[in-house]
Every structure is written in C-alpha cells, then in structure tokens.
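Heads up, the next two complexes both have chain A, just with different partners, chain B and then chain C.
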Partner chain A sequence: MKLGTRLRRIWRIARWEVSLGSLGLDRRTVAAGVLLVALAGAIATAGVVGGLDGLSPSQDIYRVGISADSPYYDVVESHAALAPYPPAVDRLERGEIDLLVESRGIGGATIAAGGSGTVGLGGGGPSVSVAHTPTEKGAAALTAFRAAVQRYNDRTMALEPNETAAYPVSVQLQYRSQESLVPGAVDANRSAGGTDAGDDEPGSTDGSDGEESNGSGNGESDDADEGDGDPSTVDVTDGTDRERVDRAAGDDSILGDVFGGGGTEGSPAEISPPFPFSSLVLAFVFLVPMNFVIQAYGGTILNERINRRGELLLVAPIERLDIVAGKTLPYLVAAIVAITGISLGVGGGLVSVAAVLPIALAFLSSTFVGAMFARSFKELTFVTVTVSVFLTSYVFVPAIFTNVTPIALISPLTLVVMELQGEAVGLGAYFFSTSSFYLGSAILFLLGVGVYREEDMFTQKPVPLKFLDAVDARLRGRKSVAVAAALTIPFVFVAELLAIAVLFVMPIELSVPLILVVIAAIEEVAKSIHIYAGIERDRFDRSIRTALVLGGLSGLGFFVGEKFTAIAQLVGLPDLVLGQATLTPAGVTPASTLALLFAPLVLHTATAAISALGARRNWRWYLAAMAVATAVHAAYNVGVVSLYG
Partner chain B sequence: MADGSLRQRLRSQRLTIAGRELRVLGREKTIVLALVIQLFVAGFSGFLVVGLVSLYDPGSVDGYGIEAAVTGDASDEMLAAIDDREAINATEYTSADGAFAAFDEGRAQAVFEATDRDGRIEVVLTAPEGSIQTTLVVSESQEALRALERAERADRAASLEVVPLELPPERGGNPYFDFTYTVLLPLLVFLPVFISGSITVDSITEEVDRGTLELLRVAPVSLVQIVDGKALAMIAIAPLQAMTWLALLSLNGVGIANGAWLFALVTAATVIIVGFAVGISILAADRRSAQLLFSVGVLLLFAGASFLPGSPANVAALLAIDSATTATYAAVGGYSVGAVGVAGAVRWLVDRVDANEL
Partner chain C sequence: MIRVSGLRKTYGDFAAVVDSSFSVEAGEIFGIVGPNGAGKTTTLKMLSGLIEPTAGTAEVAGFDAADPAMRHRLGFLPEESPLYEDMTPRSYLTFFADLYDVPRSTADERIAETLDRLELEYRDRRIGDMSKGMKRKVAIARSLINDPDVLIYDEPASGLDPLTTNSVLEFTRELRADDKTVLFSAHNLYHVESVCDRVIIMNEGRIIARGSVEEIREAYGETTYHVFTDVDLPESEPADGDRHRMEVDTMDAVEDLQDAAAAAGGRVVDIRTDEPSLEELFLDLTGRQMAGPRTAAATDPEASAGDSPSTPDDTEAATEGPR
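Up next is the complex of A and B:
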C-alpha cells in the first residue's frame, strides 16, 4: 500500500479520535474542575494568610526541651523541624522530649539517660550543654539542632556591620579533573558553575600562576586579570550571578536547605556541593502532564475493547498498526505541545524537548500495552498508576546524580538538567540516554499491536496468557527467535538496574551475590520466554532438536544484541556495585583474548538451550529448567567477577 | 415483615456487594500490582536515602577518609581547623605546586590554599571534578572551613555586635533520619488511599458505562446500597494495606509509634477520599472526566492541605515518629469528624440521584 494512503488513513483516525475526546469534557466537568482549583486555592490561601506559611512536612518532629529565656530559644522556635518544650531532665528520661538544651554554663546537665555533651566557653559567647535520648531519633534531633544553630548564626552574622569580623574566611571552590581516563560518552568538562569552564586538563599542575582558577564556575574567568601567585582573585562574572539566583531559588524549599544549590564562592556557609536543585525541580515539571495524557490515552484504548466498540475499525480495510498510530497521534501531539510549552516556560531549549520526547513515548507505549492487557477500568487504573510511579522514579532518581556520576545519563531527564544548567549535551550523550527509551517504546507498541485483534481484544484472558499471545504474534520463523532475544536488551538493562537499586540497601556481602543471581535470572527469562510462548502456541514443534536450535539462536541473538549495544557495557554490572563503573565506548571490551570474548556466547547459547528443553514440556518443566540455567549463569557470573575483582 | 429483620437484610445486601467487589479485585490480581508499586517505592526510597547519606556523610562509608593538601601562609589555622574533623587527614605542603602534584597523582582529594589578606583568610578549595567523591569532599571540606570560620570569629569577637552562639557537639546523628517519616511513610500510607478512591470511580462509572447498573436496579437493592457496598470494600482495603506497610517498616527497624492512631487517620482519610470519588462519579458526565476530576482534585486537595497546620502527611509523620501532641490527636479527631460528615453528605447526594438517569 502506498505510504500516502496510509498516512491519510492515520490522519483520519486521529481526527476522529480528537472529535471523540473533545466531547468528553463537557461544561459541567470544566465547571467542577474550576471549582476544585478554587477550593484548593482557598485552603492554601487560608493557611498562608493565617501566618502559617513555610510549613514543611517535617514540622515539629523533634521535641526540644529549652527554657524561654535561653539564647537558643529563638533557634528552636524559628526552625520548622524543632518544637520547643519546657525543659526538664525527667521528661527527657521518660522520652517525652528528644533533646534537652541548657545554656547556663559548663556541667549544667550531665544526664545518665543518654549521650550528653558539653561545650566549653569560647570567645565569651554563651555556652551550651545538650543531652539527648539514647535513640537514633535523639541523635538525629541533635544533628538537626546543630544545623539550626549554624543557620541561625549565619543569619545574625549577615546583619553585622563589621564584615571582616563577621566573615573572616572567604572561600572559593573550584573543580579539577583528577582522572586521566575520561569516560568516552560523557563531557568531562563539567563544572559546578554550569558553564563549560575552561581548560582543566589533568597535568596542568602549576598552582602558582592562577590557572587552576578555571572551572570555578566563572565561564569567562579564563582571561580575567589574575595576579601571579594569587589564584583567589577572580572577578564575579555572569556565571556566578546565575549561581546566586539558583541558590536563592533553592533556599526557599526544604530540600534546598539540605542540598544547597552548588555555590562556589563566598563564606564557608555559601559554598555547597554541586547539586542541580532548581534544574531538577524544573525537570520534574516535564513529567507532570504525562500522567494526565496517559490517563486519557489508556481510557480511550480500553474503551475500544468494551462492548466490542473497536470492531468497526478492525473490520475496516486498515492495517492494525495504522489504527493504533491514528489513535495514539493526538495524545503524542498533546504531550509534545505540553513539553514544548514547559520547555519555553522554564528556559529549556530544543535539547529538553528532544530528551523528554522518548520519555513521553515510553509513557504512551507502556500505557498502550497495559490497556491492551487490562480486563477492566479498575485494572487499567492500577496499570496507569504503576506506569507513572515506575517511569517517574526511573527517570527522576538518576537525574539527581547528574553532577556526580556519568551513570546518571541512563535517564534522559539528566539531559534536561544539564541543558538547564547551561551545559553542552553531546550527540553521544543523547544517543546513550535516549536510545533504550526509543527502542523500548517501539517494541512495546509492536507487542501491543500484536494483540490488537479480535480474539484478544474482546476476551477476558488472564494477563500472562495475553502476554504470551503478544510475544507469539511477533514470532515468524526460527530466525525471529534470535531477533526477539536481541530486542529484549533494553528491558533487561532496565530490570537489572532496578534490581541493583532495590538490592543496594542490603549489606554488600549479601547484595553482591544476590545481584549476580538476579541478573542471571533476568537474562535467562529474557532469552527463553519467547521460546516458551512459541512452543505453547504451537508455532514450533516440541522435538528436542527444535528446542536446541531455538535455544542456540536465542542465545546467539542475545549475545549479539549485548555486544553491539553501548549499553551492554553496563551489563558488566558487578563493576557498578564495586563502585568502579565507567562507561567504556562500545567495542572496547575488557576481554583481552578471543576465548574471553566468546565465553559469553557459549554461556548464552548453552543456558538458553537448557531453558528451551524445559519449555518443550510444560510450564513447570520450563520453570525448573530455567532455574538450572540461572544457576549455571550465576556460577559463570561469580567466576567472572572473581577473575576481574 | 418486622422492621428489624428488614434492616438486617439490607445490611447483608451491602456486605454482599462489598464482598463481590473484593472478590473481583482478588480475581484480577490487580491488588498485587498495587503492592508491587509500593514495594518499588519503598525499595527506591531506601536506595535514595542510603545513596544520599553515603554521598554526604563519610561516617556511613567505613574506613573512608579524605586526604587533604594544605598550603599557603594561613596553613596553620587551616590545619588546626581540619584537625578536629575525623574524616579529613591533612598534610602541609610548602608550595602550591607540591600540593597540586599530590592532587593530580591522587594522593590528595582536596587542596586548601589558605592566604592571609586584609585581615581575612582567603581559601581556594579544589575538589575533584565530576566524581562520586566530589559531594563528600566538598561537604566535609565545608565543615572544616566552617570550623575555621568559627575560630576566626571567636578571635574577632570584640568587633562583633552579637557574638555567635556556640555550636552543640556532633554525635553522628543521621541527617536523613526524618526522611523516612516525613516523605516515605506518608507516601506509603496515602498511596493506597488514592488508589482506593480511583478504583471507586472506576467501579461506579464502569457499571454506568457498560449498562450493568440497570440490571442491578432490577434487584431489590437501592442505589445507595450499591454505592455503600462498593465504597465499603474500598474503604476496607486501604487501611489494611497501609498497616501492612507500617508492619514491614517496623520489621525493617524503623520504629513506628501510635499504630492505632495511624490506623484511625488512614481510615478517616480513606472515607473522605472514597466519598469524594463517589460524589464525582455520580456527578460527572462520563468515566474519563470523572477520573480526570478525581485525580486532579485529590492532588489539589492534598497540596492545598499541606499549607494547613495538621496536614495529613505531617500528622502521620508526627504520630509515627512519636512526637505527637494534643493538637495532633485532635487533628485525627477532626479528620474522623470530617469523614463522618463526608459520608453523610455523599449518601444524601446519592439518595437524591435517579439511577436511571446516570
């Protein structure tokens, strides 16, 4: 069929979809929506007008016993998380307060109940003695109190007329690359100031001519008038100004207090580790409209399946892919419009739009598959919530570590944070972080289209059976088994990263072996589930020979996929756990000999064949065989890790 | 028929509908998905907390220390300040060249160049770029610089109008201790509430959509009873889920206080949200707008409420962390009263609606 005809059909279905959608929002809904906004606004205004602004979720969680005439009373009073209580030793012993602060002098309170400490007189200022309950909460309360005193001091010092006495120390923070081997895909010239700052190549060790001032966040400081042997006089340029603004934005919030905004100059209180707080908040805004888009999208797909409404389109002489494309197009356009609008609003550019687009596709494609599998709107709601929780954390959490580790690039949102910080985003970085999203979305759409047919759409099959149907619908001949195995790579990658994230909390003696086993299990499932689907649906016969051939092909496909993806380098994930992860460019494997290069191939084909042999019989046999395959694979993993470790 | 037995029959009809709703959920195994979401949230938050703590707090990483190179004419003051920090070990270098050579060879992770200038100390701090240690090096160095600042301020106390307050000692308390209570716990406790409300919307609008509500109307039950039954099922599962999470958290070593009060709070919140959901699905035109209104509405209400004292998240945190006051308990009471009010209002509303017009 000609492309033009197909495009016209897609366009017609899309227009039809839009006309359906616009009827959905009637005047009553809009009015109710406006009412809700007004109500929420009124509640918030009531709170703010009542003088209760600055409420934080940690309001009053630590109870501090302190008398009202103590110089520290103001500290406790003005800090959100601390609440003043009447001071009494017995209250502390009974656990009615978490921290007792006395400022009468040394030895004011020595309490047996918990760790107590006194600080001697210093500089004629008031002294303090504190005691806390012997619990984790007590210690945390002391830490919070200490931070509060520090901030209180910062505020009082800011009012001092004698600036030299109030700020006797001025700091300038700069970053300098320490490693000579810089990860390939990542821009190593990343500095806290946001601008791509100058030449901090390794090896420029001369500290006497002021050259190491580069990278201090002042993009234009390279040619600044720096005296010899005087590296600290860098004039404040645009970069620093923006830094101040960033910090001010971050300071308003609770998290801003914790993380700061990446200040590089000023008193010791003003510098902070590189943390892209405001950029992160702005990047999060991109994810908000996705949730509404997928809610409407999932609804419209499931609607087709209720009361056989979709049959009209199915019997029309239109390809299934075109129907799905037409129904998806309006929602994709809505998402792009929202992304573009937000990008204009928050000062992002083309990179932001291009980076969020694959995220939008991932949201849409997983919702599509979810809506094809769901049996009711109730189930769809669970699916939608799962998709948004899962994808939001998956893209957002790595972006938090944008300035810390190149691994953050697994999330396209990191690119947004980088652009908002004013850093250059290379084509390699874009490819690295978005390719798995593009590929994954395409595969999900294809899976969903596979079951976009009468026998699956209008029947109430259990989800696992529908999944097998969807996989089976994509298989053609034996060679497609290899292709399918290769295409699971993006999902394997995501699943393995998640496994690490979740298992990370455990002690390392437990987590490393567990991760090796879990990774093996994930890969074995990926290599064999489509074989099982094909055999169950009688696409392939149940002979031993077929099983061995399919297993071999699947292992081969998986191996090729693994080797030819840059991402596959990360599948050497034990490295990440050991904290040595670097992103080596594709093709540069640590394997030094041919034997080592082909060892994984042998492993993958052998284990996939084991699983395939089990899949010949039934579900139970398949599971048992896969357990064996996983054990073999895990043993191999342990061997490799001990070889390199 | 005696009035008592009639009432009994009506009640059992509600329970029948509630039981059916729960059985459908069980059969679809959708509830499993909800648990998976929460497990995922809990796992990822744990990852985040541990990750952040190890980034900022050297004490959490065993045997880790920062080597610092100190140079410049104010080295002595800087060294004295660093001396108090356990995690930093300082070495003095006579020249900046030597210090940076040490940095480049990886023998030092931080370089302090401290110089006296016009009665102030100017420090240029160099930290490794874009490495996993960067945050740790900067935050630890910042503590050392703050100690230096305090010492210098004490020397200049005579020139200050207000003498800064003495800092209390450090005891290695976890600065992220409250994260579990103020972010993770409200998230885990209130997510089931939101999901319950959302399923209520689905359950009611789906009956309307598929036209099965008319079939139910033929049975000797009123619309109020149907809605009652559906709402009852949803109100039952959310607090149970929330309590399961609290139990899991305490198994994990997170102390949870005031369990009964938390249960009351979650139950009241569920009644309010489910009531809201029923109201919306009765009033809105179709499923799509009902779901949209519900999710937008709940998000807005939750956001709006966080500006009020006694917001649900804060109340839950205060109860669980054992810092509850009379005001906190009163807030739970307030939510309970609100729940009764909402339930009454919604039933009045449903009673006035003609099921055939839905």
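Up next is the complex of A and C:
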C-alpha cells in the first residue's frame, strides 16, 4: 500500500479518535479537566520559579513583641516564622506574644547582640534583651529568633560591597563529578576555562579560581540583589557558568526541608554537594501531563477490546499498525504540546522537548502494551499506575544525581536538568540517554501491534499469558529467535543501568558481586523468554535438538545485540568502577581481546541452551534451568572481573 | 465468488475447523448451520481475513482472504457488533466510508439510500440511545457502505424481535436482487431455510452435509407418508370420520397398503406427506439438540411425534433459549 494512502488513513483514524472522545468524556468535561491541570501546573511552576518563598508551614507562627524602631525589627519581619507585634510585658505574661525583644532585659534569655557571640547584627549593634514565655513554644520562638538573626547577618554580609571586609577568609568551592564526564559535558567543562590543569582534587582551592571568583563576585551580589537579599539561589562558580548551583530555599521552603537542601555555606561539615533542586522540580513538571495522557490513551485502547468493539476496524482495509498509529497520534501530539508548553513555561528549550519526547513515547508504548494485555479497566488502572511509577522513578531518581555522577545520564530527564542549569548537552549524551527509550518504545509498540488482532484482542487471559502470546506473535521461524534476542537489548540495557543506579550507592565490595549476579539474571531472562513462549505456544517442537538450536540462535542474536553496549563506552560510563565491572572489564590486553570477544558468544549460547532445555518441559523446569544458567553466567562474570578487574 | 479449500484452524490440540471446503457462486445466498462450537464463526472470520487459517486456502472475490485488498470487496457483519455509542449513525457510517475510500458525496448518497431501505429514521441520534434493532440496522448499513460484492453475515438477526428479524431477513433477500453474494450463518434454522439457496451443516468443525435445503432433505431426511383408508387394516388407527390412518416411510410401503386396502374391499382415500424441516434434519445429523430448555421442548419426542413440522414461531422460540 502506498505511503500516502497509509498516512491518509492514519490521519483519518487520528481525527476520528479526537472527535470520538473514546472514553465517553464530553468536550466540556475534557476542557474543564485541561483547564484544571493547566491551572495546577501554572501554580506549581510559579511556586517553583519563585523559589517557593511564600510557602512555609510555620508562617507567622511565633509572635514577637518588638518596637518598629528596633534594629531587630527587620530581622523579625523578614523571617517567615516570626510576626512582629507591639511590645508589652503584660502581653507576654498573658501569652499574647511568645517573645519580647527590648533594649533592657526583663528576665528570661538575654542575647548579647553585636558582641563576641554567634548572634547579632554585626558592626557593634545595640544590645537587646529577649524574654520568652515559659513554654516550649516560647523556647522554640527564641531558637527561631536566633536563627533569624544569624540569617539576617549572613544576608547583610552578602550585600557588603567590600567582600574582604565581610569575609576575611574566602574558600571557593568547585564541584566536579566523581569521574570523567560524558563527552558533551567534558567539552563544556574544558571550554569553560581549562580548570582541569593542576586541580585533581575535587573541592580543592585554587588561587587563580579564587581570583576569578572575586572577579565575578559582583555578579553574585547582583543575583542576591535581584532576590531582595534572600540568598535562595547562590552561584558557586569557577569563573564560568558551568557550575551553577540552585540551592533550596533554606528553612523557609517546604521542599527544601524535605530534600535537605544542599547547603553551600556554613562550616565544611554543613556543606553538601550541589543539589539541583529547582531544576529538578521543574523537570518533574514535564512528567505530570504524561499521567493524564496515558490514562486517556490506555482507556481508548482497552475500549476497542471491550465487547469486540474494535473488530470492525480490523476488517476494514487498513493495516493494524496504521490503526494503532492513528489511535496513538492524538495522544502523542497532546504530550508534545504539553512538553513544549512546559518547556516554554520553565525556561527550557529544544533540548528539554527532545529529551522528554522519548519519555513520552515510553509512557505511551508501555501503556499500549499494558492496555493490550489488561482484561478490564481495573487491570488497566493497575497497569497505568505501574507504568507511571516505574517510569517516573526511572527517569526522576537518576536525575537527582545530575551534578554528582554520569550515571544520571541513564535518564533523559537529566538532560532537562542540565539544560535548566545552563549546561551544554552533547549529542553523545543525548544518544546515550534516549536511545534505549526510543528503541524500547518502538519494540513495545511492535509487541503490542503483534497482538492487535482478532485472535488476541478479544480473548481474556492473565497478563503473563498475554505477554507470552505477544512474544510468540513476533516469532516466525527459528531465525526469528535470534532477532528477538537481539531486540531485547534496549530493555536489558535499561534494566542493567537501573541496577547500576540502584546499587552504586552500596559499598563497592558488595555492589559489584551483587550486580554481576543481577545482570546475569537479566540477560538470561532476555535470552530465553521468547524461546519459552515459542515452545509453550507450539511454535517449536519440544525436542532436545530444537531446544539446543534455539538456545544457540538466541545466544548468537543476543551476542550481536550486546555489542550495542559499545554505546556506553562512547560516553564514558565504563570509567566508573561499576561500569568497568559490568560493561568493560579493565586490564584487557590486546592478546586477550579476541578471547574476550568470543568468550561471551560461547557463554550466551551455552546458557541460553540450558534455559531452552528447561523451557521444553514446563515452566517449573524453565525457571530451574534459568537459575542454573544465571549461576553459570554470574560465575563467568565474576571470573572475568577477577581476572581483569 | 467464494472458494474454500481444505480450510483448517487449530488452537493447540483443539481443531475449530477441520478441512472445510465449499464454494459460493455470485449472487447466491449461502447458509452455514451448526450448533455452538461447530466452527461457523471461525470459518466466517477466516474468510473475512480476521483469523489466519492454520491450513488451507480461502478466496473471496478473487483475492486471498488475507489480502487487505479483499476487504474493499467485502462487507462483514459480526455476530456482536458493538458500535461507538457516542457517534450518530451518520457520523459512524461516514467514518467507515472514509476508511474504505468512498468519496464523500457517494458516501452521503449511499448512507441515505441504505438507511431508507432499512427504514432507519433516526440518523442523527446518538447510537447509544438507540434500540438493539436500530443498532443492528446501523451495523448492516455499515457492511454495505463500500458497496461490496460479498457480504458475510454472522447471525444477522440474532437477538432481534420478530418484526425486526423479518425486516432484516427481507433485506437480506433483497441483496440477492442487487447481485450481492451473501454468506449467512444462523442459529435459527428457519432463517436459513427461508433465505438461503444452499447450506452447509457443520458439526465439531466439520461439514457434515451440504446442498440446497431440498437436496439435503432428500439425501438425509425421511419423508413420512400418512395413508388414509376407508377400511380398517391391521396396524391402522382410527382417524377422522370413518377413515383409518397408517404411517409408512417409503412409496413401496404405500403401494403395499393400496393393495391391502383393495384386498379388504376398500381403498386408499388420501395420502399426505410430512417432510422434515431443516432443523429436524440438522438435529438428526448432528445427533444433538440445540441448547436451551425451549429447544428441548420444541424437539421433545412427544412434540415431534405430531403431524406438523416446526413452525417459524416454534423455531424462533427455540433459539431464544440460553446459548
């Protein structure tokens, strides 16, 4: 069929899908829903962009009696938790205020402001006495007042034009990733001024940098000015914009409290690595509309399956793939529109849109497959929630470590965070982050289209059996087993990177052996599940010879596909210890290259054959055989790492 | 117009259709009869390209059934055809006309004409608000939207009231005049008998009888001759008036009775034939009853011992039982 005809039909289906409102929602309901979501998104975005300054769980919780002409009045007024009230001792006694700040003490705690203590307005300010009610709240109010004075002093110091006078000793922080960065980031780093030379220790001071920092000090002050003196955002720079760090809004921020901030001032013990809080929250906003889109999308797919409603489309002169494409197109467009809108709203650019697009595809493709497997709307709800939780976790959690480790690049959302932080994103990084999403989405759509047919759409089977049907539908002859094994690589890649991301925080002595076993198990499943499906669905006979042939072909296909993990080498992930252990064993000599090239081929064919031998019996034997195959595979992994690691 | 050869469909160890072969000529209305699980619907779906045969070939309008191009020449009406209930008949039919590349002006004319013929007045009412009969008419109209040469109707009158059923059957008969080839399956054997030129009877995936209803009746049915004499013969029983009645199965036996009556000083005064209905043939062939208590009642030995064959009303009632 001509491409133009197919595209025309896809467009017709898409147009019909939009006009139909397959979920039975009338246009006013949809419009109201969209409006509500947009409103919520706008409020959330405004809150994040504004630094959430206006939000505090302890807003005006402590009443402070203080005179308007007191030098501490501004301290109280600027602190969210403190509210100024007319000062009067009797009001304190009646409990109408929690603190009383006066120039003369009347009992209670006395703070020597401006002296050698830790609290004061600096510059030899006046002494005050502070009294609080003899309650726990009064004591807490006093603590809050101390903190407020401290912060007020810090802000005042930050505004001081003469930086040397304000900070006699200045330590310049320079945050750098644990290991070498991805090519794009490395390029960006190098183009930022060549700070690598002679500066191997993360966080070390560098006189020249310090000079550069001083040179840009006014810029920081300018930032502070723009923020009305509230240092909610602090730039810690090495003379470029490379290391822009968004800090949580301190005590006043709900989310800052939750995430722990990422302090860049105070004693060394109080300083933590940069946490891209604002950028991360803004990046998260991209994921919100996905959840609405997949609900509607999953519903319309399942709606076709309920009561055989979609049967008439199947008998129309239109390809299954075109039906699915037509039904998917409106939801993809909706996702793209939402992504673009959000990107414009949060100050992102083309990188953000391009980075979130594969995430949207992953949401849609996973939901499509889930909706093709689900037997009811109840099951579909479970599927969409699972998809949402898994994908949100997969893309969001690694992005938290954007400024810490290149592992964060397993998530395309990291690219969004990078762009929002003003970092350059190279093509290599984009390819690394998104390729598995693109490939995985394509494969999931093909898997779902395979069962988008009369024989599978309208039958009611448990999800695992539907999955086997879908896998089996993609098999033809024995050679297709090799192709199927190769096509699992994107999912294997995602699963393995996820395992690395989850396990890398553990001690290396524990995480390396653990991940070697986990990876072995992931690969053995990938190499054998389609064999089991084919045998279970009587596509292949159950003879030992067939099982061995299928195992060999699957191992070969997987071996070929596995070479795509060279992608990881392109972007430097193997530079990490875990990356070395899992992807490229260190110490490989040219002499052993050939052996290492073909040893995995032998391994994959042998272990896949073991699993296939179990699959020819029944599922219990299959699981047992796969466990054996995993053990063999893990032993191989440990051996290679021991030899060359 | 339809050629089926060695068609087979298996699901694991279960054979839904076994080596089915038949052909349907252009302009013919062809019926497939069989109990639940006989393989009727599976056969129709293989012919419409919905199900891939395990073996054998199916050709429709000169195309292989799996060829998407065939679908332009086919109108398919599944047994259950739930429609998109938020659409109106007009928008629903227009959408399918688009899918079949029918020009908009042609589609508008065709929709109007078909709905007129089907006497469906509410063309802009939400389908979800329509009766079952109206929905069925919309589904039938959809099957004609591409002006197909071949129509495959699976239980077109299933679950409809008698009035709508007659309307649908009459419409199906009219399709013959339009040179349409119709492959028609039904539980209600009266429908098949009243509409179809030829039929096949399927049981457990196999074709067990084929031909016109008359041919099947001749080949498989037993005609009962009710012979009335004016003399009392051995084994005769009293009938109306002074007449006596006997039942025999062959013309030779009738001639024997004529001789016997003459020998007794009398004569044969009347002979009536009782030919079996398709349903009786079907039950006899399949050796099973159609499901449902009403069916059981209709084929009760005592009831079937009566003189008259099943009436349309009897058959209608029989198929209303649980399936």
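Quick notes on this one:
We adopt the following convention: the second predicted complex is superposed on the first by the 349 of 645 C-alpha atoms of A that agree within 3 Å, B and C clash if a C-alpha of one lies under 4 Å from a C-alpha of the other, contacts with A are read in each partner's own complex, and residues count from 1 in each chain.
Rule of thumb we're sticking to: a contact is a pair of C-beta atoms (placed from the backbone, for glycine too) under 8 Å apart; a residue touches a chain by one contact, two chains touch by 3 or more.
A quick note: this is a predicted structure, and the numbers were derived from the prediction, not measured.
By the document's definition of touching, of the two partners only chain B reaches A:71; chain C does not.
When both complexes are overlaid on chain A, the residue A:538 reaches chain C alone and has no touch with chain B. One of chain B and chain C touches more residues of chain A, and that partner is B. Contacts of A:527 after superposition: neither chain B nor chain C is touched.
By the touch criterion stated above, A:9 is placed in contact with chain C alone, chain B being left untouched. Legend: residue contacts after superposition of the two complexes on their common chain; A:307 is shown touching both chain B and chain C.
In the superposed pair of complexes, A:454 makes contact with chain C only, with no contact to chain B.
By the touch criterion stated above, A:393 is placed in contact with chain B alone, chain C being left untouched.
In the superposed model, A:81 makes contact with chain B only, not with chain C. Shared contact residues on chain A (touching chain B in one structure, chain C in the other): 24, 306-307.
Contact residues of chain A toward chain C in the complex are 1, 5, 9, 12-13, 16, 19-22, 24, 306-309, 311-319, 453-455, 538. The residues of chain C lying in touch with chain A in their complex are 12, 45, 48-52, 68-69, 71-72, 74, 76, 78, 80-87, 91, 95-96, 98-101, 142.
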